[in-house]
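Here you go, one structure.
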Amino acid sequence: MSGTERLNGRRRARSRKAVASALQFLVVVATTYLGLLAVTFFIGRVIPIDPVLAVLGDRAPSHVVERTREAMGLNLPLYQQFFIYVRQALSGDFGVSVLTTNPVMTDIRRVFPATIELATLGTLIGAFIGVPLGVLAAVKRGSIADQIVRVIGLVGYSVPIFWLALLALLVFYARLQWVAYPGRIDIVYEYTFSPITGFYLVDALWQAQWDVFRDVFRHIILPASLLGYFSLAYISRMTRSFMLNELQQEYIVAARAKGLSEARIIWGHALRNAAVPLVTVIALSYAGLLEGSVLTETVFAWPGLGLYITNSLQNADMNAVLGGTIVIGSVFIGINLLSDLLYRTLDPRTRAR
Amino acid sequence: MSALLTVNDLRVRFPTRTGVIEAVRGVSFTLGRERLGIVGESGSGKSQTGRAIMGLTPSHAEVTAKTVSFGSVDLLSAPPKVRRDLRGKHIAMILQDPKYSLNPVMSIGRQIVETLRRHESISRSEARERALDMLAAVQIRDPARVFDLYPHEISGGMGQRAMIAMMLVAGPELLIADEPTSALDVTVQLEVLSILDKLVADRGMGLIFISHDLRLVSSFCDRVLVMYAGKIVEEIAASDLASAKHPYTQGLLNCMPVIGADRHPLPVLDRKPEWAL
Amino acid sequence: ETPKDTLVEAFAFDDIITMDPGEAFELSTAEMTSNTYSLLVRLDLNDTTKVVGDLAESWTVSDDGLTYTFKLKSGLKFASGNPITAEDVAYSFERAVKLDKSPAFILTQFGLNGDNVTEKAKAADETTFVFTVDQAYAPSFVLNCLTATVASVVDKKLVLEHVKAVTPTEDYKYDNDFGNEWLKTGYAGSGPFKLREWRANEVVVLERNDNYYGEQAKLARVIYRHMKESSGQRLALEAGDVDVARNLEPGDYEAVAKNGDLATTSAAKGTVYYISLNQKNEALAKPEVREAFKYLVDYDAIGSTLIKGIGEIHQSFLPKGVLGALDENPYKLDVAKAKELLAKAGYPDGFSVTMDVRNTQPVTGVAESFQQTLGQAGVKLEIIPGDGKQTLTKYRARNHDMYIGQWGMDYFDPNSNAETFTSNPDNSDEGKNKTLAWRNAWDVPELTKKTKEALLERDSAKRAETYKELQKTVLAESPFVIIFQQTEVAGLRGNLKGLKLGPSFDTNYVWNVSKE
Amino acid sequence: MTTAVSVQNLTVSFDDFKALDAVGVDVVAGESFGLVGESGSGKSTLLRAVAGLAPVTEGTIRVENRQLQGARRGKAFYRSVQMVFQDPYGSLHPRQTVDRQLLEPLAIHGVGDGERRILKALDEVGLGSGFRFRYPHQLSGGQRQRIAIARALILEPSILLLDEPTSALDASVQAEVLNLLEQVRRDRKLTFIMVSHDLGVVTHMCDRLAVMRGGRVVERLSSADLVAGRIGEDYTRDLMVASKGFRRG
Amino acid sequence: MSLATETRPMTRREWLLSDRPQSRTQARLGRAYMTWRRFSANRLAVLGLIILLGLVFVAAFADVLAPHSPVVGNLAGARLLPPGSEGYLLGTDDQGRDILSRLIHGSRLTLAVVVLVAIIAAPVGLIVGAVAGYSGGWVDAVLMRITDIFLAFPKLVLALAFVAALGPGIENAVIAIAITSWPPYARIARAETLTVRNSDYIAAVQLMGASPARIIFRHVMPMCLSSLIVRVTLDMAGIILTAAGLGFLGLGAQPPLPEWGAMIASGRRFILDQWWVATMPGVAILIVSLGFNLLGDGLRDALDPRESGQ
């Protein structure tokens, strides 16, 4: 029995495993998505709202209501309805929004960039401030700096976002007039500025419209900072805990024994290792912000997906609500997938060779 | 004999919630370019002694000594920068378990190169060459391949060799090896030890070899320090071990089952409280 | 600061679901439609019991009261540049009736249907439009109904360019959609403004119609920006980000009124807020209980706090300003009296009951206040909150105990409210006519008949008298605790001139607004 | 002479990796049998397969002349076979007192008289009742290993599987534990299968041993042969040399 | 440690700290005492505990503590009074109700939501995770699939949709939050179970012939418990915030229940002029969820020293 033979066997097994795990991964994504559809479908059926009412409004006379009810064909067997539902959802067809009369997908395509832009900026703020803060707290464990970072994080964890948003609005908009509100852009620019990507900051930069950029920035900065704060609270806390863990490892001692500087040990070795789980944390926090937009967007009248969903909910526009839920859910799945992949590339131990 | 390292009354204390733990309680010795073994049972303070010399004691611990000098440098009063420059370049340390002591997300080669480039301003390619040479020196058969591997992709024995390569690549004068082979298989253990032995001999380094295996230490080192409860209870030349005076040392020697020696039951240590005083 | 030539209004218009005048029946749409489309006749804002001509130069009613002949003004043009003819009017009526969407009943109640509409609403010549009704209704009724937005005149030529073919079915016998799909977001009118864009829950943009026959609108553009929150609207108004805030609540309204840079305006609207008692509930069906509940609303406190400025205590079903409206508020909070009545009804210790309440102000606040005063008389009220659609679904299925809500007039005529509060032709669960009386299972054959008669009374004074009687009956006996009439308010920037809210939602005109 | 444990042609695979490859071992009742070999050679896996803790793909295991099926074991099996693990820090439940850990097997098997048995078991492994209510973290490594032995003995098994029971211990403590094991074997006439990588320990404890490498048994020999240098395989000889300590050469 | 222990009777502290406990109770108490000592050394954690004890106290004696009725106000006479007004320490709301009294009574709702969610979601997650982790194979696959599906959902949006489907009200809010909050617990319990499953002490119990159920419930679950407790405590803050969020969107507790989130929602309308109406309940939420977070942090340090890095 030679060692190489065993080794080869293992390698073969590993590559077979890689294929199998890729397949498994697909199955996982598919079933998750199907489950998402099943639950949204279920919610859509169970909801005690007359769908006809949603289409017609309250003041429609009875015969119109009756006629529409029949026309909407709510009489097929459930499984058949579900089948149709799945097929449509897979082709990106979530029906027509009652509220806007547009296909839900068209609406989402219009509002989602607003949410993504907000959440992305929030996450960037959160990560670029949160990670260094977390590292600082871990390195200076027990110091005043650590305590301050912890308190910042704890408060961020404990404060109702919509409440803080209200207060922030009161202070920075109503009293100080530092920022703009509401929406993404001033009315003035509404008809002189034609976005391409839907991400206004990017578009304004792209087209070199500095005044527009300034205006868009003034609109986005407050909600993005708030979201950034929440993201920061989470990220700094997790960074701290990961860093503490890494700093205790033997390889840190080994690195010190090599004579490396503290900075190199912290940023090059410990953080590089902490980065592996951190990627997941940041991705999760990003997903959380996308979802958390439901509350923030309401307060800031931010025309994004969150506001779209709440509005639709309040108007019993279930197609839109479920479509939005599915899109956010899909993005969640996608982000999880992405963070998984990132995890794999960052961590050589899980990297398939 | 010109002393490479002088340690006088070294003490390491850990303040904890339940009181102060004295891990090392007044250890003194001098070391030339020789192989010095430190043995003792678990918790006797062997590692903390080694780490205190390296300056790797956890920050909340308290390290005091009359002197800890490396050549002409007083280590304890030296500024951190000076100590850092010494570490890796002049004093190096090998840790027990390669599985945990190598950075898991950095390739073996980069970790070796990192030591070199920290202490010598040389080009990337030159550093790579030196690292490959070093890998070859620790008897790794295919250095170029191993260079790019990650710690989890190599075996324990290979990891320990890489660790040795990483620590010795900058050519230190003093090496502290803290149980460098106890995580390895017996057969591999010997290979690694012989590599270590050869490198130390070739380069004329001083070596502090920490182990709990008295027999191994005595066969590997010139001189042995026996530690018990943070103190050195006996210092003895390896060749004189059979005539050790301290009952602890004798107990340690005797309690190991030996092939061919038919002792049932095995003699056991009868610890006396006064040993710890 | 907003641009000089643009009016920016903060307005909660999340109810808009279509901009097609033949289909739209929402309050916010009414404002947009009335500013962008022309009608034959409009409500006379100086005397809301009368109408004035819009496209119509003049009109006559035949002696038998069945034929209405309208003469159009000359030289009229749509925003598209197409001329306006009687043909367009006829087509507008035809499509509304044939589409048979929510507001169509305002026309079809005169005996129109898909088969006869081309006969009953037709162009006699280029400028003469003839409208035939099936009974000799009070002319005020007919004309009032024609002020509704469903009677807006659409550009036939333009619409025909955008019709979509559909397959006829049992329910819908026509081969095209009369441009309905296009008009949901499109525009084919002739009003002072053109509809440029509507993005649901975001923005509605109106632009001046240079082809308008009358006086040109003063501003080039009106932008309605969707904002739900009163406080947000006020903030934006104070900051000058908007010129008008339309959905201010009492506190914010007061603050705006006090602000020297800002001004306010208000107008009583044809909407009443009421609490209704489902007569299917044994306890609530007792006449004494119905009466007791009317004594258990703290009208004064509500009037001076929760609805201060945005509503006025008003206990009869016809809003002020409507023909025959009764201005009497006999009820006051009187817990002792209510207790007495409850004891008489056999509930000396009160009882438990639920009320469906939608999550909007001031309804929630009033409901909570009512809950407290009911509690004082021993009646335990459980509030079941829900969004509008949820509570309505339950309400329309008659599954509630009590309901609090508002009723806005469908068209500016007393019959609109009289019919819903006092007529219930078939009280069975299958009843086709789901009036408020039906929803609360209030079976009143006598009143139903009387309501019908009022419709055919051609003498306006007598007609008004009948409505007064109906209101008195409702006040005394009905399961409706009518509390107040809505006052619509707006906060304005100080530099705004000419903004006046009308008596109904389709009379909030913006073409007279200008900026200094 | 009866066979206590008989393993024939045993193969254990994890996914595609064969941890044991057609291994055969016969252990006579009352003897002490040793398994040596390098790390990863499958020593632990063999023991775990016997105990029903590893997935058997092929081969047969007979314990006291009863053929065992798959990973399922009857209650009787557990009363005759017990195991002591390598890592004294990992083999005791960290949240349970010694008392609870010793009581558990009695409770599972519905054995009464727990009080007495626990005290007796503690006594037997040289720990007084003072240790009864301690948590594992309040014990030293050697003491933990004694508890693990007590736990294994409390059901009065006839076969004890020992997976490197002393390799995590200091040499001085190792001697104590080895003495203890020898003594209970003598007292109870137990059959031992003992894994170790230390030839010294194995020859000290066992009559016969098997040398494993890469999932296979490469050589079976008696301790006496080993001591006398009657060794067939190079690998065994390497092990032998290695255990003598370092030779500068 | 003192050397004089033999000569005088043990103090209670020494009895607890004894490393030679004489009875089960002493052992258990000693362990608890050690945990308490570790916990109480963390001043912030003790503050968290005090906050929560305060919450429980206030909730228990709400009837005695509240100066006014939480539901009946004085609409005509005492509406929107600022804090410090005669008889109204924290002011009144738009129905003329005393905000302090409402906050005091609201503590019951907050506590109820938190406790209900905890006793629904945590055990469900624990059982699902432990069973999945221990069983492995298809049981694991199926259970984890379901868990992942729920995890992939946007939590708040899903809760919204559920409440919309079930109808608003505090019970439904609780159910909706519980439905969306068990999956992380299942994940934690499973992860913990996986590490425990392959440990030797579980192998030892298997070797005693213990049934899988016994192993899961008596040996595996206790190991998951501490990280679960920590996580649940930390999540409490999130639950309070989610409940408040639902209330804020008008889908939480029914009026006139003094639920804090709903109070913010209704006070939000007055934020510009009567800031206290929305601010007071916000502060209450902040304090209580801060309390939970502090406690959770402290518990983690005390129960799960690994994670805190001690």
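A, B, C, D and E label the chains in the order they appear, each numbered from 1.
What we mean here is this: contacts are C-beta pairs under 8 Å (C-beta built on N, C-alpha and C of every residue); 3 or more make two chains touch, one makes a residue touch a chain.
As the structure is a prediction and not an experimental result, all values here were calculated from the model.
Taken together, subunit A and subunit D share the touching chains B, E. The greatest centre-to-centre gap from subunit B, using C-alpha centroids, is found for C. Averaging Cα coordinates per chain and for the whole protein, the chain whose average falls nearest the overall one is A. Distance between subunit A and subunit B, defined via averaged C-alpha coordinates, is recorded as 50 Å. Separating the centre of subunit C from that of subunit D, both taken as means of CA atoms, is a distance of 88 Å. Centres computed as Cα averages put subunit B at a distance of 32 Å from subunit D. Within subunit A, residues 48-49, 174, 313-314 each touch two or more of the remaining chains.
Of all residues in subunit C, those that touch two or more other chains are 229, 235, 359, 387, 390. Shared contact sites, meaning residues of subunit B that touch two or more other chains, are absent. Across the interface of their complex, subunit B is touched by residues 38-39, 141, 170-176, 178-179, 182-183, 197-201, 203-205, 226-227, 238-249 of subunit D. By the touch criterion given at the top, residues 48, 51-53, 73, 75, 77-79, 81-83, 85-87, 90-97, 99-100, 104-105, 108-109, 130-131, 133-135, 138, 148, 151, 155 of subunit D touch subunit E in their complex.
Residue ranges of subunit C in contact with subunit A, taken from their complex: 2-3, 6, 8, 14-15, 17-18, 25-26, 100-105, 171, 184-185, 199-203, 223, 225-229, 232, 235-236, 238-239, 241, 359, 387-390, 392-394, 396, 410, 432-434.
Residues 229-231, 234-235, 249, 251-252, 255, 298, 300-302, 304-306, 357, 359, 361, 364-365, 367-369, 371-372, 375, 382-387, 390 of subunit C touch subunit E in their complex. On the subunit A side of its complex with subunit E, the touching residues are 28, 31-32, 35-36, 39-40, 43, 46-49, 138, 141, 150, 154-155, 157-164, 166-167, 170, 174, 241, 244-245, 247-248, 287, 290-292, 294-295, 298, 309-310, 313-314, 321-322, 324-325, 328-329, 332-333, 336.
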